[in-house]
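Some structures are shown below for you to check.
You will see two complexes here that share chain A, one where it goes with chain B and one where it goes with chain C.
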Partner chain A sequence: MIRIFLFSILFVQVLFGYNYNSLLLKADATIFPKIMLMDKKIKNKLIDNKIIYTIVYDQCDYETAIHVKEYIENTFQKYMDRYPYKVDLAEFSHLSLATKASAFYVLKSSTENIKKAANIARQKGIISFSYDINNLKYDLLFSLVIENSTILYLNKEYLHTNNIDFVDSLLSMVRFIGKKSI
Partner chain B sequence: MKYKINLFLLTCLTTLHLQADDLHASLFNDMKEFNTIATQTKQNEHYQPYIISVFQSKELEYLGVSNLKEALMLVPGVDMATDNTNTQTPIFRGSNPSAYGQSKLLIDGVVVNNLFFDAYSEYLSMPIDMIKRIEVIRGPGSKVDGINAYAGSINVVTYAEDFKGFESNNKVVFKYGSYDYGMGGFVKNFQIQKLKGHIDFYYQKDNKNISSGPDGLAQGSLGTANVGLSQSGDAPLWLDEYALGVTLKYQEFSLKARLLQHKQGSAYGINFALPQKNDRVKLPSYYAELGYTKKINDAHIDIKVGAKYDIFDSEAKLAPNNLNLSGIVFSNGIYGEHYAKQRVLYQSTYLKYKGFTNHRITLGYRVTQEKTVAMKSKLSNLTTGDAALVDYTDTLPFFDKDAHRNVYTFSLQDTYDINEKLSALYGVNYEQTSYKDAGFDPRVSLVYRQDFKNIFKAIYSTSHRNPSWQEMFTKNNHSRVGNTDLEPEKVTSYELSYIRNFTSDSYLQSNLFYLINKNQIYNSAADPMYRNAAKTDIYGIELEYKGHIFPNDELYANYTYIDGSYTVEDTRTNSSLPNVAHNLAKGYYIYHFNSAISLGTTLKYVGSKERTPTDLRPNVKAYTTLDTALNYKNSRYNYNVNMSVKNIFDTDVRYPSPQNSYVDDYAQARRTFLIAFKKSF
Partner chain C sequence: MQKRKFESLSFKIISSIILTSVVIIIGIFLSFETINKKAFYNVELQKAKLIVKTIEPLVAIDIYLGMQNKMESIVKELIKNKDILSVKILKNDKLIYEVKSKNKYKSLFIITYNILQPNSKKKIGTIVLDYSNHNYEQLIYKYTKLLVIMLVILFIISALLSIYIKNILRPLRRIARLLQDFSPEKKLKIKLMKEDNEISLILSALNEMQEKIFDFASKQKDINAYLEKEVDSKTVELRKQLFIDDLTQLPNRKKLFNAIASSENDRALLILNIDDFKEINDFYGQSVGDYILIEFAKELQYFLKDEKNIMLSRLSGDEFALFFQHKPSEKSFMRVINSLTKEIEKMVFEYEQNEIFIRVTIGATLDSNEMLEKADIALKLAKEHKKYFLLYDKKFDVKRQYKENMEWVQKIKSAIKEDRIVPYFQPIFDAITQKPVSYECLIRLIDTDGSVISPYKFLTIAQKSKLYPQLTQIMLEKSCQYFQDRDTTFSVNLSINDILDVDMVTYIQKCIKKHNVSNKIVFEILETEGIDNYVEVSSFILSMKKLGCKISIDDFGSGYSNFEHILKLDIDYIKIDGSLIKNLETDINAQIVVETIVDFAKKLNLITIAEFVHNQAVFEKVKLLDIERVQGFYLGEPNRDI
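Let's look at the complex of A and B:
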């Protein structure tokens, strides 16, 4: 009986996801697409003239990923600014350089998976957003934290890549953070 | 041609610039809006200049937490006390367990403490399903302008709080449990053009009677001649209540109203004599508050006007058959009907100004008029000993029917962001009353954010508690005698806090506190008149952790150590804090097996409590309780079923009784079960 109980605990762990703060998820879903639009080189990242905003998730977080997708689609009615867009979901295990994406929004996962997503984002030259600020230390670019006020953190060590060039007004809004501070 | 090309380029650049400006403005507004929601919903609690704990009721529902009282028992440093009428009150950090009103209860920002006891026991049974969030500030002060809590403030936020784009909170709830407990209720939010509305309603009833005694007569509470009449038996602790809450918002105007019809058994008896099964106390509470709020540039004005009524209405057998009072024998016992209706009218105006860089200044006043508007006092014939009731309203009132008090409070406060990391809150409240004035209550608080993971707070604050109606105006009673010369109780508090955020949803918080309490109001069975009898120095530490062991679980734990000294003003004798548990530990663990099924467990430990110096009984025993709950959530049809067992090991839980009353203290419920069904729409 105990074995069955322990087995069920280990087994069902993959069925239910990480814990998320619903307000932070909503803030991410509202704010991150707008940050993506403040990249002067956004046109280079269109795929078939569309923005593809890809939510990268662990298998156990499928429901959370769907929830974020729906929230983005309700917030941005068919267009992000003047660009048509699509929200795609990609599991970490299926993520590769071939994954079509203009930007990644990375949910929680193992360090290995986060590093994988960050590496692919860098190689593709696209912006990566992280739900968890701790994952900026694995080279993701942006994260939002609800502190005394809502603070947008930018990983300063990976800002200057050839394919990303933000408008100056954005840089005045963010707080730069280095790996050592995380 | 060249001109046209230049014009085209200029137009493109301007368009790009405008587009970036629009996005920047939009982004700025979004961040501001989420910041407002985060502040309002206390999601950035760690950065606030208070020691605050926030409990989301959706999380508590997984644990089978049924009502406000059970939720408050999870708060660090909070213990529960009761009295002979079962007026229960949370005790914050061991501060005067015999006084009510050291903490304030606010429902959606409206203070609901009754005037009679300054307690809010009648609201502690409020079902958790009607509550969205509970915010508990420990220490003096509160988040609401002009409300100066003494030891702590509890803000209950109902589902009237509704943000655009967030999920619906409409639902119906039914519960059934031990002691024939039954409950039904609903929450409904609606919008008709610009009018936004919220209604919540619940009805609940149980048949709780708990074996108690021997009653206070055994200790001579009604004289040595009557010791032999002492009884043991079931104390009527049953509940029968319904409540309706309404909130309406139309542009800048709002209305918050609540009607609570609370009826409970007479518990352990007004005179410590065990009452009859159907003897009862009604504690209805009604309030309505109109608000007007307007933002003009950097200024924000907030005007409120409100009325609150609370009633103490008791019908009970006050003493057993054959009681002998000064030679008069009451062969059929003494019966009594006591009724006192209080009214509180208030008006407040607060102006918040953000026009000075890095400053947020709040300035305003609150005027309160408190008054007893009706009083009746009937007792068995005290001359003949006949049980039939005689109207003693004018000749032997239990209460001063002309009781009234005016309170004027002025506040000035500034929150100053000194730099990106350091902010300060400083201010002062000044209060005058038609009795003894509290005077100035200053406050200074510093919050240092070293980085997003490390936060430090230092708080100095003072506050006071005005004596309650009961403490001032009770008359002709064997266990309580009022005193209008009472000074307000006063506290000076020093607090240090360090918060370590591990992730966005896991943290460790540690708080050190030192409280100097003066003019503490006490009475006793030997000396029933309320007096500013004691001072207490209290110090301690609170540790609070929230996080996870696995990705799919939630762990919360806290520990509080409280110690200090209690000095009787007249004799200057020192002793340990009476009726205070030195060690409190609480925690819960929720494991989500999958998206539908979860198991929650709650553990509470309350340490032993010493007695007052003259009370020779052994210490009140420590106890540990374990609750468990199984939750099933059906996402397809949007319903939840929760089955819980409280106090699973059937532990004997007792709250301390005063000296010379119930010698074995006040017994509480043993193992119980509860089934809850909730359907969301």
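Let's look at the complex of A and C:
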């Protein structure tokens, strides 16, 4: 109920930031961390022995980011699997290689910001999740679409990143997508 | 002997093959049944596990990510497999999805597989897969079918093999049937086989064997024929020998028996015995004896050449028989005997410048019953009475005598065996003091009923049956034993045969030495016997005297008493014969003879003893005649003990 209420409030924010589908956000918040845990090299991405799930947002999407964070924290009580975690928020403007993150969850933003986030993620060798599937063409790795069923999309061009190795079963259920098909 | 059961070789081979095949098939069937069933089961199990393993990651992601629609599609796709009866997905032990197949197969097994969180060992759910037996049953069925087909094929092969083997072995049966008609004299046609194998080898060998057997049988036949001939010839010879006397070639005793037995007519028989033939043999030698017999036989044959009714045979040794197959009249019978006797008297047998004459004694019978026995009795009696011929008469009753003699022989033998020959002792008294100074040991036979039998009843028989020496030995042993510790002399009677018997003399010497009675014993020797064998008696007396024994001449005066012999023999006593003593008181002649003897004896310092003193009158007379010793029932009868 609280979640519904909070997400309802989100719609108010829509007036002031990007439009977000609460259901999608919920799905992202639930699924993306789990996908992150399907990385066999997750241990390489731990920071101080914990997962830092960083939500990257524009300033205008701060509330959305907060809500997503809260939802994640409500969903995953202190641990993601057996790893302690922390959900960080990072604005696009402050995002750099120094930003501590085990994975990025990138909300909507400008193309430039999206590219920046994708670039940093790639350089850091971490998974980048995108709220918007269109952002996959800017080199983000994962996105999720809710159609008749939930469909995971994976940017196949950046699948073979050195530091990322997903379990095979994940790869068997995602849809691979290329820049040209987005 | 129990007939052996026929056990066909082909049957044995075939049944062995079948049995082995069946055992192998059953073995394979059972072992593979067990192994393959298990293998098939495992295969299905592995398949099921593989299916579950394959879908588990997909289901795991779906459950993990909460995207159950994927899971449903996966499971629905899975259930299309005919082998899967149902799939259940449980999340935290709670059923979240289940799908069942519409097929009607039975469950083979249920697999439960944990759903693990992707990239983690954490269990997030369970897949329960119910797997059908459809494929398994099909596999089993196919395999069983295959085995059954194999079995059928194997049986067919065995059947064909059996037929083939039977065919191969058929020639053996044929050979066996053929050989049943085999005979060494008849060759069988054994057809050789076209194939060159073991059976053809057997056939070739059989043919060869047949040839050899045939040759052998032919030779055997010839040998058998020859042997048969020889046997026949030998049989004739033996038959001849059986009935023909070797020496004289006359029919023998057996032939005579047969002739007598087979004749149903009234018959007659005479037996002639060559007198003193033993002496002729001993004097001239056996070859001369044989020569005489041969020549005598020839002479007899010649004499009887015209007498068709008479069968001449040689009975034994020096005896011949003339068997009258038809009984002649007594007159003509006697005519033959007389003629024969005269003819025999004329016979001269010349041998190396010696002319030998023979005499015969003839015993005959005209009685057809027991001819040989009666003729033999007649012959013996003729010899006894020193006649040249005697015709058997019923009055002879010799048979009874023979029977009695045989009974006595048996009695004597039993008595010897049962120690019932005992000495009885009759005292010899001094005529003046009328005290016993010596004892004569007289033999007695104690019958089985305890009665005492006098020697006159059995001594003659004992002599004839050659039991006499045993009696002498018994008497000697018992008498010596009885008197060895008694201080008196005793006398024992010895016959001339005892004295002539070297073994007996040795026995006497040993006996008297053993009992140490040399100085006590007196040997009484019959005077009459002594005359005939003076040298032997003299030698005996000499040897006994050396031992310290005394000698008495018994029955002196009974025959032609030879005083000269008495002079030469170193004797000690003269026992005057009882025949002179028993009537001494009345017989003047006896008195004269006795006086002479007593006088003679005194001159030689010989002691005289009168026997048979049976009454007072005789006793007085004996004393009057100055006879020193007296023996007789008047003074003392023989007793078991003194």
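Everything below uses one rule, namely that the second predicted complex is superposed on the first by the 167 of 182 C-alpha atoms of A that agree within 3 Å, B and C clash if a C-alpha of one lies under 4 Å from a C-alpha of the other, contacts with A are read in each partner's own complex, and residues count from 1 in each chain.
Here, contacts are C-beta pairs under 8 Å (C-beta built on N, C-alpha and C of every residue); 3 or more make two chains touch, one makes a residue touch a chain.
Keep in mind that what you see is a predicted model, and the values were worked out from it rather than measured.
Visitor: Fit or clash for chain B plus chain C once both are placed on chain A?
Guide: clash
Visitor: Taking the superposition as given, does A:I35 touch the first partner, chain B, the second, chain C, both, or neither?
Guide: Touch partners of A:I35: chain B and chain C.
Visitor: Quick one: classify A:L89 as touching chain B (first), chain C (second), both or neither.
Guide: Neither chain B nor chain C is touched by A:L89.
Visitor: Applying the document's definition of touching, compare chain B and chain C: which contacts more of chain A?
Guide: Counting contacted residues of chain A, the larger count belongs to B.
Visitor: For A:S149, select first, second, both or neither according to whether it touches chain B, chain C, the two together, or no partner.
Guide: The answer is both, since A:S149 touches chain B and chain C.
Visitor: Looking at the overlay, does A:L159 come into contact with chain B only (first), chain C only (second), both, or neither?
Guide: neither
Visitor: Let me test your reading of the model: by the given contact rule, A:M173 touches which partner, first (chain B), second (chain C), both or neither?
Guide: In the superposition, A:M173 touches chain B and chain C alike.
Visitor: Which partner does A:L24 reach: the first (chain B), the second (chain C), both, or neither?
Guide: In the superposition, A:L24 touches chain B alone.
Visitor: Which of the two partners, first being chain B and second being chain C, lies in contact with A:L46: first, second, both, or neither?
Guide: In the superposition, A:L46 contacts neither chain B nor chain C.
Visitor: Check the residue A:K108 against both partner chains and state whether it touches chain B (first), chain C (second), both, or neither.
Guide: The first partner, chain B, only.
Visitor: What is the shared patch of chain A, the residues that chain B and chain C both contact?
Guide: Correct list for chain A: 30-31, 34-35, 37-38, 81, 148-150, 152, 167, 169-170, 173.
Visitor: Residues of chain C touching chain A in their complex?
Guide: Touch residues, chain C against chain A: 57-58, 60-62, 64-67, 69-70, 117-120, 122.
Visitor: Quick check: in the complex, which residue numbers of chain B touch chain A?
Guide: Touching chain A: residues 19-21, 23-24, 26-28, 30-32, 34-35, 37-38, 41, 43-44, 47-48, 165-166, 423, 447, 449, 451-452, 503-505, 548, 550-552, 554, 591-595 of chain B.
Visitor: Mind listing the chain A positions that touch chain C in their complex?
Guide: Those in contact with chain C are residues 30-31, 34-35, 37-40, 42, 81-82, 148-150, 152, 167-170, 172-173.
Visitor: Any idea which chain A residues touch chain B in the complex?
Guide: Within the complex, chain A touches chain B at residues 8-9, 12-13, 15-24, 26-27, 30-31, 34-35, 37-38, 60, 63, 71, 74-75, 81, 108, 131-134, 145-153, 167, 169-170, 173, 181.
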